[in-house]
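Here chain A shows up in two complexes: once beside chain B, once beside chain C.
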Partner chain A sequence: MEKRSKSGTLKRQWPLYVMVLPGLLYLFINNYGPMAGMFIAFKRIDYSKGLWASPWVGFENFKYLFKTGAALEMTRNTILYNLVFIVLGEVTGIAAGIMLSELRRKWETKFFQTVILLPYLLSWVICAYIGYAFLSRETGLINGLLNSLGINEVDWYNDPGKWPFILTFVNIWKGLGYSAIVYMSSIIGIDHSLYESAMIDGATKWKQIRYITLPLLKPTVIMLIIMSIGRMFYSDFGLFYQIPMNSGTLYSTTQTIDTYVYRALMTRNDIAMSSAAGFYQSIVGFILVLTANYIVRKSSPENAMF
Partner chain B sequence: MSNVLGRGEKIFQVIIHIILIFMAACAIIPVWVLVAGSITNEQELILSGYSFIPGSISWDAYKYLFFKAADIVRSYGITVFITVVGTALSLVITPLLAYPLSRKDFKARNVISFIVFFTMLFNGGIVPSYIMWTQIFHIKNTVWALIFPGLLMNGFNVILMKNYFSQNIPVELIEAAKVDGAGEFLIFGKVILPLSLPIMATVGLFVGIGYWNDWTNGLYYVTQPQLYSLQNLLNRILQDVQFLSSSTLAQAAGGAAMTQMPSVSIRMAISVVGILPIMVLYPFFQKYFVKGIAVGAVKG
Partner chain C sequence: MKLKKLAALAGAAALTVTALPVLPVYAEDAEEIVFAFHLTKTVDMQPIEDALNEITIPEIGVKVDLEGIQMANYANQVGMMMSGGEQVDVIAMLGDYADMLSKNQLLCLDDYIDEYGAGIKEVLGEEFLKATSKNGSLYALPNNNGKAAVLNIVLRDDLIQELELPVDQLTLASDFDGYCANLDLLSDMFAKIHEAHPEYACLVPSAGNSLLFDGTVPFMDMLNDNYGILSDDGSTVVNLYETEEYKKLISYAHEWNQAGYVLEDATTTQEAANTYLQNGRAAAFFIKGEEGQAEQIITATGIPVQSIKLLQPYICTTDVNGIDFGISATSKHPEAAMKFLNLMYTNADVVNLLDWGIEGVHYEVQDDGTVDFPEGLDANTTAYGLNQDWYFGNQFLSYIWGKGRDTTIYERLESNNKNSEFSPVMGFSYDSTVVATELAAIVNVRNQYVPGLECGSLDPETDLEAFNKALYDAGLQTVIDEKQAQLDAWKEANQ
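Up next, the complex of A and B:
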């Protein structure tokens, strides 16, 4: 093969460079632009002076954020919800994936798979309407049910103690179909002869699941868990903003970093606090992703992202 | 395999059916509650609340929706517009970026792959992003605000497509086209794209649903009601009960008829109309959707 010079390659490959141009431009604006703008967390933004002329204040925004206790509350909520979601989400997803793969008729698998994925396709606004139909104080289905059973009705949207359960339920309800399909597709990849020989040896269904399916799913489970750990500092804005219907009395159990950043920026116009909280989330989130990947690379290098 | 099931196997099948039926019910009942609410008589809704089975059926909400609601029709149009334009643009720039990255002989491959990949690890957050889009690009209260920020393309889809190209399109095919004198653009258009319909369908579906369901861009960048997408309209109505009665919807109904506007059931009717296209198209696209989730899971 002839060896081509560098300029020769460029001459031949210029169409490829043209192709990547629009996509790269978009990434530079949409993704790298905001990264470059993170310095605003260290400024006191004054729109009349403009971004550049606004004074630098060092770590003052961060000091204030942590002093008020807001940082502690939203960090606690974000991490605790993520922990519960990871554990329950994995357990229910694996269970549903196994059940889907055990169905003997093809149409049944397709039917259940299609139906349990349905909530995944609904927007969070629609989910908030559904939630309201169930939880509304006067007209909600659940209070109607409680009334007919002679139990006192609950003021759901003003009772913070109930929300960890509600949000966990909604999160699993919405994500179950997705994770079930993820696990089902990796169960389908398992060599079928393993089950056949286990059956010849008289292994029950439970034993087959316990000793064949679960051990073979382990790498997928570990990988997904570690990836979720990398996202521990992020929460689903739609879940925490829409489902509690933005109710102020619920903030103690529904405020996460994402909802805090939104509210500080858009309702309180407090760029200092919102940019400080956002910066904190980006940096700690990045450290978590790197740590998670480091752990994967140590234990099973073939699953590492980089 | 034998068709005769052992006793343990039979019990197992019964148990998984019970659990799966329960899960399916949890998924379907909430959607049914919306539909039931939209066809329940307004008075019944106000007096006795939502129910699983409407006592007296009324189509008033839909009548208002279709004949009197210019607001809703417009926001529906905006949602259709941003979904079509956004998805189309995305399906142009995503494969154009992904294809060269799948070519082992492309010199800038590693550098550009890293630029794409890094966006999946780190992001600058919403505040700088908001300031950039509003102060530098001035997209507040334009339809572009519903198309450009965030949704148009992401590193994940680029890598999904790149992997598809490098696994499914033989290098020999590209080489053969080159020998025949085809340029890179011709190869991309006549060889690569026709072979990539499954991944285009999968990515297009995810991006399209992303646009259809998005309400956050409108929440940040749109304050004028005439630019609301359907989701923003629904969001606004949910937060502000007065909004619906102050809109053209109520004005069209006329002052005297104001009290008759089915304001509770009409919210449900808008939601139903909003999820209808997804429900109708979903069975046809289901295959690509499941495939997309499965390949996405292989390598996050």
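Up next, the complex of A and C:
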């Protein structure tokens, strides 16, 4: 490969940089700019003095996150759900991606792709009411079915034991289409001649997947996993707040850090305390990303993100 | 998540907004003020603002900039305006007086009320102004409307007739036993309804997934937030959820639930009681209401109902200071702001303009003295139609909406306001800042148990105990102690 001068590269590639510009601008305005507001987490806001002149209170605003038994419960829920979602999400996403890419007729690919993507495009509130149509005691489809079979009704919204399964199912159902498309696009990028030579060598479909597709997907999988680990201390607010219809009896299995903070501060309107929650989640997330990346770099350096 | 994004935005806003110059526009040398208030729907305020300034500029030399904000965003947006250095002078409060006071968002009104707001003092009277005072200084002005709302039972009129329900035996109870007698009568009525019409849910929750209007125990001052309430002796703060009265009330709920009178989805539904009434599912519900409650429900649902008061009124601080108007601590024009507030409590034209819009455009005065839509307009086609007559300043100055409506209603509301029993600690407002950490945990515990207890699906014998234990684990005792200390200090200073 011949060596090119830096200015030459810039001259040739400037349209690419221009294309990146809006995204970068967005990133700076939306993600970097607000970081300056982190100091709010350590203040008690006094509006007559203004934000900066308000008194410093140290870690006072963080206390409510760790105060009670609920703290342990919500942290446990947040992390365990995220682990399950990461593992099952990747497995089902890869499986669906491979299946989609194996479809030969174009209309089939388009059809199935659209069908499994549809839930991803629905808002959580709509999903919550779809769930309600199935699970409600008054008019729910499932209880109606159980009734007609002579089985006792289940009071879904008051039975915390069932919700880990319901929430996992709903989350996979909603996210599957998107991750399948991500994987399908990586699979399409794989050099087709690899499969052709494998077929000539007599490899079965299963062996092709096992020895060609999966190893070549590894970088994508690792990247997506590291990114999800960074968000492990966050939960999808819509999923955990809307889908259980905010039912109090379900808190033991549906409360996560985000819903706790929302419920605790909904009526307080305390921006310092909500900043503290955001601060805590992003710092832990940052450490988790660094750790995950460090581990990947140790075991297979070529797959690490940085 | 909205809260956190907004919090982060507030930081960003603080950095960017302060850099922008605020350009005041003076009209004929009038002092310009910004009035921030809640809106229940999106409307074009410009014509209202223009018409308002035609009154205020000649009258008091003040030009008012109306800044209507959607209810859900209000508190956040006002906070951002204030911290970001944006002009805001008059601010409205909806249940967050104590909160705004604790964050120093409110200017002390003592220096302005006598000189520029004498009319307001006359309208509201000493007793009501206590509710928005602290240590003898005034920080906000309660709006003037019917404050003597009590628990009502709303029953379908057709069922009352068909089953000959003895609603005339229900009394305006003046103590807790009388109230229980009412509930016993209602139990019998529900039994009749359930037997004759099992397709109806005899009771649906009316607010916050609770049958008995959010757990409010009659004749007790909840002292702002239910966590620590005033006991009968008028000076001790006790735990509401350990009182005999509370247990008794949720036992009714449990009994009704077990008998199948209660909507099955009561603890999770997010539909309004009116919706269930309209859909022919609800036979009855409890609601806190004043005179004209039945008419309001009939107008909204088209179902004939009776709304029967079950209690004598008992007015606490929070009943009075639920809706207030104050002046922002950041205001540069407090005199002008007070002059405008004075008009909102004393000038019928100003009140009607804010309540109903422009005469001849948004409403027309009817022969019977009420107002209604002009020819060809209705609730869907009107350009204003806020229906916030309960909100702006002095409601008793405004027209009554709806041709044919009872025009004596304001007189009744005013006399109820004057003749009600008041809490012995009327005027005590509690600042929860120091126990914010405990309250965050307590609110979550409350959400976990209260819907189940107050809709009767949880058992008062076993679950109530677990609830109380969880409350104390979350730090309820600290909250009660703090409230007691504040109450003692308040009594020392005021009684």
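Note that the second predicted complex is superposed on the first by the 212 of 306 C-alpha atoms of A that agree within 3 Å, B and C clash if a C-alpha of one lies under 4 Å from a C-alpha of the other, contacts with A are read in each partner's own complex, and residues count from 1 in each chain.
Simple rule for what comes next: a contact is a pair of C-beta atoms (placed from the backbone, for glycine too) under 8 Å apart; a residue touches a chain by one contact, two chains touch by 3 or more.
Being a predicted model, the structure only gives us computed values, none of them experimental.
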Open item on the list: Per the contact definition in the header, classify A:52: touching chain B only (first), chain C only (second), both, or neither.
Closed with: second
TODO: Report for A:34: first if it touches chain B alone, second if chain C alone, otherwise both or neither.
DONE: both
Open item on the list: For the three-chain arrangement built by superposition, which of chain B and chain C touches the greater number of chain A residues?
Closed with: B
TODO: May I ask you to decide whether A:136 touches chain B, chain C, both, or neither, giving the answer as first, second, both or neither?
DONE: both
Open item on the list: Taking the superposition on A as described, I'd like to know which of chain B and chain C A:87 touches: first, second, both or neither.
Closed with: neither
TODO: Answer with first, second, both or neither: which of chain B and chain C does A:173 touch in the superposed model?
DONE: first
Open item on the list: For A:286 in the superposed arrangement: first (chain B), second (chain C), both or neither?
Closed with: first
- [ ] Could you tell me if A:274 is touching chain B, chain C, both of them or neither one (first, second, both, neither)?
- [x] both
TODO: Look at A:261 in the shared chain and tell me whether it touches chain B only, chain C only, both, or neither; answer first, second, both or neither.
DONE: both
Open item on the list: Applying the document's definition of touch, where does A:64 land relative to chain B and chain C: first, second, both, or neither?
Closed with: second
TODO: Across the two complexes, find the residues of chain A that touch chain B and also touch chain C.
DONE: 33-34, 36-38, 40, 51, 136, 138, 237, 245-246, 261-262, 265-266, 271, 274-275, 278
TODO: Mind listing the chain C positions that touch chain A in their complex?
DONE: 1, 3-4, 6-12, 14-15, 75-76, 79, 82-83, 85, 96, 99, 103-105, 263-265, 267-268, 270, 329-330, 433, 436-441, 443-445, 447-452, 457-458, 473-475
Open item on the list: Help me check something: in the complex, which residues belonging to chain A touch chain B?
Closed with: 9-10, 13, 15-17, 19-20, 22-24, 26-27, 29-38, 40-41, 51, 95-96, 99-100, 102-104, 110-119, 121-126, 128-130, 132-134, 136, 138-141, 143-144, 173, 176-178, 181-182, 185-186, 196, 204-206, 220, 223-224, 227, 237-238, 242, 245-246, 261-262, 265-266, 271, 274-275, 278-279, 281-282, 285-286, 289-290, 305-306
TODO: Enumerate the contact residues on chain B facing chain A in the complex.
DONE: 1, 8-9, 12-13, 16, 19-20, 23-24, 26-28, 30-31, 33-34, 37, 45-46, 48-52, 92-94, 96-101, 103, 105-108, 112, 115-117, 119, 121-132, 135-137, 148-150, 152-153, 155, 158, 183-185, 188, 209, 212-216, 219-220, 231, 234-235, 238-239, 264, 267-268, 271, 274-275, 278, 282-283, 286, 289-290, 293-294, 297, 300
- [ ] Would you mind writing out the residues of chain A in touch with chain C in their complex?
- [x] 33-34, 36-40, 44-52, 60, 63-64, 67-70, 136-138, 157-158, 237, 245-249, 251, 255, 258, 260-271, 273-275, 277-278
